[in-house]
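Below, chain A partners chain B and then partners chain C, in two separate complexes.
This part shows the complex of A and B:
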């Protein structure tokens, strides 16, 4: 009997713990969207996000992350970009959902911010794409291009060890060369292009920036080597294609996380964006005499690979 | 017709550049440590419609592309020689310093039916409507690639392109960061040197080229000592400025000066002597990338060419200037339709006191549109037309259509129909070539009568393209029929007695076949093979004989693992008698082999590279005759040493 009573107490306490340890905000969640900079890329994300939010969420957009601690009562922060995330994590104790930073940077964020100062709850949807998706994409559009060229440096924001493993699984060769200094960029690029079928860009602004992209793209084009970008901008610039998550797709996942948080006070685990965009540049492909399938077909090839369909 | 009117376009250009330099911004500059920057940064549109070459399988015409690798492997020293690698193209020399590049007949000193562009600037010049190749401020090292459109393309390139278009694209301003130098020495007085250097910052890039080129021309023959050597000094500069992600401003400049050996001591009046030639150009191009891959381009160029030709008390000088403005708008009207339209205005001014009654100043204007409709993934329809007024009283509309059918990923068929007009050149329409010779009196060689009709070429073709990449093989074949009406050629009232004048007197039907195959095997073996066959059926026998019945060219190259490379060129052509030559100048069957051996070496650990190359032209066969019997082509051997820092 005593045991049964104890069990009831545990059950009741358990229920209280599960359902009511922290308040739920089904009706009135106070959300603070903190932008790293007051620049168009961040503003447009904030706009996309706020448009997608349910009416029950009261959203405030803060354009200056330095003032995050001065904000009145906030239940959840969505920090857009690294600067905003660092501020939110270090200056508040509010749960933070991080967006618009790649996986490696998110991990750095966790390391950089000491545990005692970190928000009790933190999670993210990564800005970059999982290697599996990236490689599937390349295989879907260019199945005969098996030698992937890569340029990296100490500043590259990507886990290359993981990429090498993933490529080995798919029997893809990686021709990766480290760019030792800025003035070695193009000699290293030519070395890579000499033995590659394709050049895959990585998040690294010391290599790929508005100054260097012109010569990189022209060199690739002259060598007849297609270039895979990181975003729509790369495709506009002259990449043959890119797989990326749009602001709308990221926003939708953030909204899901907010809904979950509003329901039970939890955030989902950090993960890659579920949805992604395939962007192709048919004119560049045609000029390189490469026959590209439509984005829809590429997507279905990618999903059939994921389902194990040969 | 006065000199000051040459400057009519310059204020426009000044205004344009001022406008372009205002109001540029770079929103994310200075935010380098942001991990998300890679994903949110603005990037300039680099591979825009102007830069992208149309794949051969989608082009409305047959097209041959000569790239840098082919240029190097060929071992050629001069640009006109490269066109030996184009099926159906005849390359020769009127003298050792006056190259002739002709396609599909009427082989004569001035190939007037080809459009030649360097970075979009027309370089065929009045008064004859041909290209003075040696006067182009351009070196082999400056060329990125050459696209040769085989067949009429007047609908896109204007009235000089009724037989084809040579499109020379120079290396981008950003291509070079460092220094390249080469020196060449060989027999026949061959002595060349080139220095290329450049730098890039991404926003402002430049590339410069300094060159010296000279040789003795043809060797002395039994008919003439052949005083036809030349010395050329040239410089060119290409700069590119990207103020933001959407705009690109390019400024180019080129200068060429040199002496050209002309005349002969066998001649009574035209003794062996040098002309002093000067040519230069300035070009400014503004390109704006618009939404959706569309773009707008405006280009202005000014070209000047002067030939100082003094013959004792006589002179035969020519000074030509050209101002050219072109606007071009490329737009995607839907996912499957793209069009380019534009207009061109050109002002040519010619002063050649011995060739015209007076200075001539005339305006050529044209309006063009071209549409590419991808009906579905298999079918592409290209249609276009150009309206052109040559400023000398002639106006014409040149339409064209081509339908490409991708049978599958490897095979493509093309059917093309076009009508192209070539308006008469200023010399044909207004020429008055005369000398007032002391003690002899007035000698009139040419006296045009004007009122010529434009030449009309009606062309039809069937093309086949096969690309079998897994087998390392591709083929480009074309069957064509070109019907020339109102062909302009010279005639006299009394046979062989000047003055000569021009009339619409040629009617001819060209029927032919052109084939290019490319083979690749092993890691480094490449072979390009070209064959062309042509028949002309004409009202004039001399016209019928003016093209070789067939021509073959082949280029094999192999680069070995130890940085050594070998290439062999083979050029063969059937007998031909140029239309403006007497029977004794008949060029018999010719065959020539060129050989190039090269070895690269690393000069040091910092990436400095060098190369030594030996080229031997015509190493096996005996001499052969180029164009005129006095032009004996003998063996040439030269060694080139180059270094890249």
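This part shows the complex of A and C:
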């Protein structure tokens, strides 16, 4: 009887599999790219994405996420940023591929949108880098610096527990302090800097924003502490280096996901970007009297660490 | 209109535009410069505030008080910065340096009213300083932010007080430097103008002097300078050339004047010689004619004394009239000669005119009546100041002329006071004188309406004598006449003063009562005259010694004569004066003496008159001769 029951289940599933009409958009996929804001970063990403799309994909860019539900005949939504993603997820039943948000934000998105109201299919490529990659990068460029300072706030969306574990594995001490208020930023920073030999930034705009970053960098410089940024702009502003995924690298991975979706109606699992960019600021290193390797060497060092080569 | 010299004009046309332009430019540039200074210090304040804000941002952000104090201190050391202040967003003082002109608390209140921004806000809150305040805005760095940005909020305020004192001092210094340098430059320019104008005016002044010297007749003057100004050189050369031309012209002119003067002198000398010849002729003629006339007169007088028959007396009377006419003619000629010789010296005295007029009326009335002319006088007695004898001569000539040229009607002599003169009018109803003749009537020997030269109508010398006497007696004569309506001769003579009349004319010269016998010495080189004189004096009962010369006289006189009658011109170049003086010396005493002369030559007459002796012209009037003898007799007694 158990066999019959199993057989009937397999049969039902088989029927479902056979008769379920799986969509296939190998020829003509209607893609809606929704931007959270008219920010340059989002627009740039949308441009890069649309350029990389295959010709079979019909892409429409929507600048106002509030009107996402009004867009007819959409097969897939690429939501750029948190606001667009929330709208897409909550207002449509169209599969959504989320981009330009870190892993923690994606998880928060999933929490914020109840499953019953959520789109049937959702995935992402995380904006941030995995802690392992970050720590490898730090070790590759500053092998002697083993006390990583870290500022966070109530708004920080990061899995610091995992970071601590990863750091402990690598015998790196983590000096982390919570910034209780905006006024306390610099006093907290000085506290962290006093006991760290490197400061690692997190994607938290209450701490690291266009207004504060200059003075944070100045404080680090005055303390002789190198600062690890989050992107090329941080390196340009005075960070000693950063490991990040460029928009091109992200968009290439998004395009792959779209191709997959077009092919079989599925989206890949959420994951970090496969490819990344290493950016270094030799001028800052020289000012801090630090000798830096070239990005290529750093990349090879990171690769060797990943492969377990000492 | 006030006049200016060349230097003043040059100074005016140079300085006026210069000062105007300098003043305009200086005012323009100083105004602009001051405005720039004001703008500059404000700009500097803004710049300092901006830099202060930039540099204090980190300190405020990080609340690094030490950092902020250091910056504030450094900024306060900037020139013109008097105080700096850093406030946080709650207006709490984070750092302060320097001194503010107002308490910081007041400043903070002030700043709340005027919310500073970026760029800076400038508050001029007093005369000597101003505030520049600027919000401290964090410098933003563009990051790849994935959320919409909120507006950047100011984290604090920087306040900078800028002092204007240094700027004001600078302005004052610039103003003084400008004024002093302008004065120095103007003084230098003035000195240059002075030199330049002097280089013009000095030559002009010298040229002016030269021209003035030339104008005064010093034509040898030449300009002796060389100017750097071409026009003045040309002018100088022109003046030299002109002076040279004038000099040459003057030489030529002088030569011409000399020539003309020489010609004139020759002509004058010729005229004088001719006049002298005329006078000599007249003198000689009158002398030569007088001698027989004199003798004739004396003979007639003697004859008249001796003849008792009435018929013969009538003849003698006719002879005497003829002799009188001749005497008159000679006297007139003699008068002219005497007047021309200038030997007649008028004896001015004050006298009543009426007596003289009555005498003339009496004298001429008979003559007028013979022609059927009514003669009358009109006028009250007035005193005139003149020579009575000469004045009478003038009137006599005028009345004589009036009667002579009037055929019927009347001759009137009227006189009246005319200001300081007495005007005597001798009017007639005669033929009248044409305007052309009026110019000629005072010439010698002119007789109107007497082409046949009828001697009974005179010689034509009456008015010539009147004209000459007028000159002597300070009188004037004028004539008013119309042909056919008669003539008026108007004689103006000075008015006299009755209180100054002297009564020396009262003695009659014609008292002939019982003359005592005298011995009279007659010296005349003309025998007929000696005989005639002897006959006449004998008739009067006098003893006569008649001789031809002094030597004869000295021999003939045995005792001092009682009187001497001597002819002026004697033989051997002797004169009557010499003879009289010889007799005086012989007898050692002064004897009453009379010089008788027929000469009319002026120098002779003058000499005879100046001898101091009694003096008579030939023919001698017997009455006058008798008067002399009577006078000599009184001297003797």
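As a working rule, the second predicted complex is superposed on the first by the 290 of 310 C-alpha atoms of A that agree within 3 Å, B and C clash if a C-alpha of one lies under 4 Å from a C-alpha of the other, contacts with A are read in each partner's own complex, and residues count from 1 in each chain.
We take it that a contact is a pair of C-beta atoms (placed from the backbone, for glycine too) under 8 Å apart; a residue touches a chain by one contact, two chains touch by 3 or more.
Remember, it's a predicted structure, so these values are computed and weren't measured experimentally.
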- Query: Clash or fit: what happens to chain B and chain C when chain A is overlaid?
  - Reply: clash
- When the two structures are overlaid on chain A, which partner does A:214 contact: first (chain B), second (chain C), both, or neither? both
- Task: In the overlay, answer first, second, both or neither for which of chain B and chain C A:122 touches.
- Result: neither
- Considering only touches as defined above, state whether A:82 meets chain B (first), chain C (second), both or neither. both
- Superposed model, chain A: greater residue contact from chain B or chain C: B
- Once the shared chain is lined up, is A:96 touching chain B (first), chain C (second), both, or neither of them? neither
- Message: Under the stated touch criterion, which partner chain does A:284 make contact with: chain B (first), chain C (second), both, or neither?
- Response: first
- Superposing the two structures on chain A, identify the stretch of chain B from 150-158, 168-176 or 492-500 that clashes with chain C. 168-176
- chain A positions touched by chain B in one structure and by chain C in the second: 36-37, 39, 41-42, 81-82, 100-101, 127, 186-187, 205, 208-215, 218, 230-231, 233-234, 237
- Query: Which chain B residues qualify as touching chain A in the complex?
  - Reply: 26-28, 31-32, 34-49, 51-58, 144, 172, 174-175, 177, 200-203, 205, 242, 245, 293, 409, 467, 607
- Task: Could you pull out which chain A residues touch chain C in their complex?
- Result: 36-37, 39, 41-42, 81-82, 100-101, 127, 186-187, 189-190, 205, 208-215, 218-219, 230-234, 237
- Contact set on chain A toward chain B in their complex: 36-37, 39-42, 81-83, 100-102, 104-105, 108, 127-128, 157, 186-187, 202-205, 208-215, 217-218, 221-222, 230-231, 233-234, 236-238, 244, 281, 283-284, 286-289, 291
- Note on the structure: Contacts from chain C onto chain A in the complex sit at residues 57-58, 61-63, 138-149, 152
